[in-house]
């Protein structure tokens, strides 16, 4: 149960800043995800919180105490490393026992806890194996188990599920979330998987190039992205040209090929401005075209397991991407009608 | 342009068989994915094809030639290793150049090819970095680039995108697929990501515990899984109790809480048998309940970015999982009607 | 084309002197080239044994009598053809002890040296090592592996027992000597650094140390002197026998002996050499005084050295 | 490592040059020595007629020699242990990424080897001797009355051996440490291990290949060292190597010397094998 | 261990390593004619003497040459043997190791003597330096072997696999991938081989070619008779030379491998 607060945290490698003056406050027991493209500084941030990278500038506080000079082992953290960092000379069991030994957990209790966690990560029977005798995914699970078994105050997870299949991943998520809630561990979770970040986190931090682009709840991030980059990063997005007709109190009325809408606006617009309407592909529903509705032509359709992807062409030439369940299938060249509720649109500034 | 054929390939570690008598034929220029839970033997299979693991039993043929005794370096393969295996003492550029040097590609052409690939994996400007100065995802991309730049006859990719975010992943997929098609590289792709396997592959091989469970096109695998395990693995699946009413020529008529269907059957059933009806969550459409339709009560709903997940309870007490776009949202306790087309159901044998 | 004689020589200053002075002299006298081969009795012995009696790598060898005597037994050397060694007759009797099988070309008498600054009562006899408490724990000795070590044993046996064969007495005395510091070859370091203050030293060495500024002096003990000897031997199957004889004769010549005396403060073995006054201090033993040098039964020593070495190791502290 | 390679004669070509060299120039010459050790000791000749076990009997019958073996092993063991303890931190520091003056430090580590044995012993005599710098300083300061026995005993031998063998411990350990991923240490600390514990539980065991190599080298070298023990030990401490050398080249007891030498070598070899087995890296063996 | 403590500790060790050498270096600047410490006044006269001493200079040249040849031969075959030992030997591991260590386990004198008899038996004799160099290779081989073995233990086979997947033949893989990864072991082993060969006494003494001499022999003989500071000067010069070589190789080759 520790509150973590970060202030203007910066890490430079030579002239380049891997992490650039980021600030955030993570509440006790909160589950926060770091989301961002490869190389944006997620691992670096995590390592600074853990105490493995020197802080170039800024402060890190646990419960108000500056910990920049506290050695890693005194911070009571559990960490899953992106490259696992399993101890090659210890068996799976010894790897898990290590943290417990440091905490002087009595032997019988230790054995019990290890057995429980191993069971959860589905590696029962692998106790005596050395890391190099395990598959990639198995190693990753050992790394996860090793960090979880100590039930630390702060949990730092660096893409801990990247090498697992969907089923296992799902089960691991539940397991992590359960433990985290039960013990009340403040958790920072690094993932490249938007869906994972969305389903697991209390809040999501989106980073780009060492800076924080947005912090907010998953719904915030997904449905009210503060800028186009965030919107694009956390999901696919369609941009449709629109024209501002009139401006009201924090809202604007726009006309577009998809219809006319009154939308809240955070950017300053004037009547007559050309803007972009943003819309997620899965917000679009398709049906056979009937007259009087916004319509489009199917350019291409892809099947991807659970979903159908359509590339559509509006009559004004703009292209759209729609994603639906493969209940009704449309073929290339079909005319389809588009439906999308007004609240799924948002304005993203002047279209170039 | 090489045809790869594998026959009764087996790899034992002591008594345990990591790969157990698998056979398959990969056509020239085909793109095949190995899909399966962690530890099922994917990496081991790949390494045997590459020539890095001794074959305990069985044969591997490239274009009909047995290669079991051909050293790896003579097999003209490109491989991305699960742990990258970048050369730590070489810069990014030197890592990429290595394979080209082995092929005696002239300097100017080499430089050009490296620049092109680096551009594709979005690592322009990183030429002079050493692997240790890169983030996890960047390293993975270098590993990918290193295997691709040599344009080998056979490409073996072991979870090459596991550490990348969705956007980059998507772009890399297109890049890999493009190159693979253009050069006609026979490709074996290991992934834990079902969707990836589905979208990229000509055929998918599903493995469990060292054995092949099913080989088939993505649609085959997803929509006509040969058994329950495969079905479960490549996507979520609902099982509904049903009763066989009558049996026809390869078909059976069943009654179930979701309605009555005539379904093709591969398993032998007799009238009066209790069987399971399988159905994917996303095949279910929900609407407000009206009389006369199969209906259920919403137990819980989760929001996960693009999708809504519902846990539903049928009136007979069975639970179902449905996945829809968040167009209509239902709350806990709502009564909903269920729709699902008959062709999305399949029979999976006697329910226990 | 000139012939070449391989001349085994000791290293360091010896080699330098041979290279710069003696070899050119010999070349001038004989017209033959000289190849110097640095080593010592052990190496030459090993080389000759390895090569075998029939094919020795050398024609002439000058080494300690202790090595020479066993090699002689093994048949490597021949009895000197005295007609070819005209200088043999001028040698002191001491130098002719080998019965014509070799001739001692150099003698470095060994006395008892002590640090003049660290010793209050200078010694007079070997016995003083036991009796003067000043020396307790500060005595240096040659180890048994050195030929001087073997002589020490025979000397002490003679002093404390019936004769040199009474080694029981000798060892008993050695045991009573208490702690001594042994060195295999180099005693100079120890005495220079003051690790011990008294030890057997050859006169030449003492002279050198004194010249280098070390406060050291050496006495001729009442019981007599030991010596490092260098016997010159001719190989029975020498590849260059004529030259070898020429060289042997050259070494024994008074002119050569004088040169060696000046350089190394050895006691000349050729009776025709006169020690000039300015060298008297550094070469105190010459002429009739050569009688003070005791001689030893090397056959006895060689036959029993295995047992003696073991007893020595167990006895000397 | 990678398979396909272990097949055929390929790998044996790697060991062939060393194997041949040792077979021709070590094993063959030593056959002679092996035979020699069964010869009848000679009188004034290297050996006499016929064969006998008397040389070995003489070794086993005399506690003087048995004790020498014990003594030699003990000195070897202590030297190795001390080298390990004082060498490891130096090796560790030399591999730190931000180490400055690495070249210089590396050179310093090697420096004891650069001074010939005689000169080096002279240096020690100046320092450790009864009349040496240390003893003189302490005496002048009035701290001691009689000189401390720093030389002419096992202590002096061990000091001098540690000094000259330290490089043989440090370099292999450095090689071992360089193979350790620093994130393993980080992982240990994230689990609550202090620097010291992480060092002890992670760095130390993972440097085992280097430690093993260093210990074997130092131990073997200590066993066969004879110049240092004879110069620094003033021949007061009997070690096997010194006795062997005496027997072989000073007193011409070739049969007995050969027997002693072979006993010493076999003992050393057995200890090396046992040590190798004890420190086998289980996690590397399939 | 905390950083300052570690640094302090290491400085102490370096002091220990240097102590007797400083004595020697100090003595070499002795103005007096005798090898004493502390020196009686400072001067370079013994260096001048040394550089003008043709015998020493020739011995140094011989030693350097022999050490160089020895280092190359030992370096190559010792590394090969280590490769076999770590990568290929299974059951023969112990045997290979003991065999490779044998030259150190056996007393150098005995090796020297038996080799001397052997070279005469096969007709090489000591007319040239072949016998001596063989002896030097025997003695230095274990050092290369042990050092290379130790660094090979931490070579990750997946690097080799990656290189093979890129089509690199065995020798190229060795030169471009493995050698850079084990270079500290190879350099360490070769340095040992060089330095030890430079310092070998007994083998050289017994087996040196007739009429030649190496520095340790010269020095040894010299010290028997001339205990002057010149000997210390010789040592000092060889330390300085080697230190320079090591520092330059650190700058040029980098003695540390950047793996992580």
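Should a chain be cited, it is by its letter among A, B, C, D and E, assigned in written order, with residues numbered from 1 in that chain.
Quick note on the criterion: a contact is a pair of C-beta atoms (placed from the backbone, for glycine too) under 8 Å apart; a residue touches a chain by one contact, two chains touch by 3 or more.
What you see is a predicted model, and the numbers here were worked out from it, not measured in a lab.
Q: Determine, using the mean of C-alpha atoms as each chain's centre, which chain is farthest from chain B.
A: Between chain B and the rest, the longest centre separation is with C.
Q: Have a look at D-E versus B-E and report the one with more C-beta pairs in contact.
A: D-E
Q: Using Cα averages as centroids, what's the distance between chain A and chain B in whole Å?
A: 22
Q: With centres defined as the mean C-alpha position, give me the chain B-chain D separation in Å.
A: It comes to 57 Å between the two C-alpha centres.
Q: Cα centroid separation between chain C and chain D, in whole Å?
A: Computed value for the inter-centroid distance: 36 Å.
Q: Please output the residue numbers of chain D that touch at least 2 other chains, ranges allowed.
A: In chain D, residues 2, 5, 118, 122, 126, 181, 183, 195, 249, 281, 286 touch at least two other chains, as defined above.
Q: Multi-chain contacts in chain E: which residues touch at least two other chains?
A: 35, 113, 117, 161, 164, 170, 220, 223, 257-260
Q: Where does chain C touch two or more other chains at once, residue-wise?
A: Expected reply: 46, 49, 186, 189, 193.
Q: Under the stated contact criterion, what part of chain D meets chain A in this complex?
A: 181, 183-184, 186-195, 197-198, 201-202, 205-206, 208, 281-283, 286
Q: Which residues of chain B touch chain E in the complex?
A: Going through chain B, the ones touching chain E are 47, 50-52, 71-74, 76-79, 81, 83, 85-89, 98-99, 102-103, 130, 132, 146-147, 150, 152, 156.
Q: Inside the complex, what are the residues of chain E that reach chain B?
A: Within the complex, chain E contacts chain B at residues 156, 158-159, 161-170, 172-173, 176-177, 180-181, 257-260.
Q: Quick check on the complex: what are the chain C residues that touch chain D?
A: 42, 46, 49, 70, 73-74, 143-145, 179, 181-184, 186, 189-190, 193-195, 299, 302-303, 305-306, 308-310, 313-314, 316-317
Q: Flag every residue of chain C that touches chain E in the complex, lowest number first.
A: Of all residues in chain C, those touching chain E are 6, 10-16, 19, 35-39, 43, 46-47, 49-52, 57, 185-186, 188-189, 192-193, 205, 208-209, 211-214.
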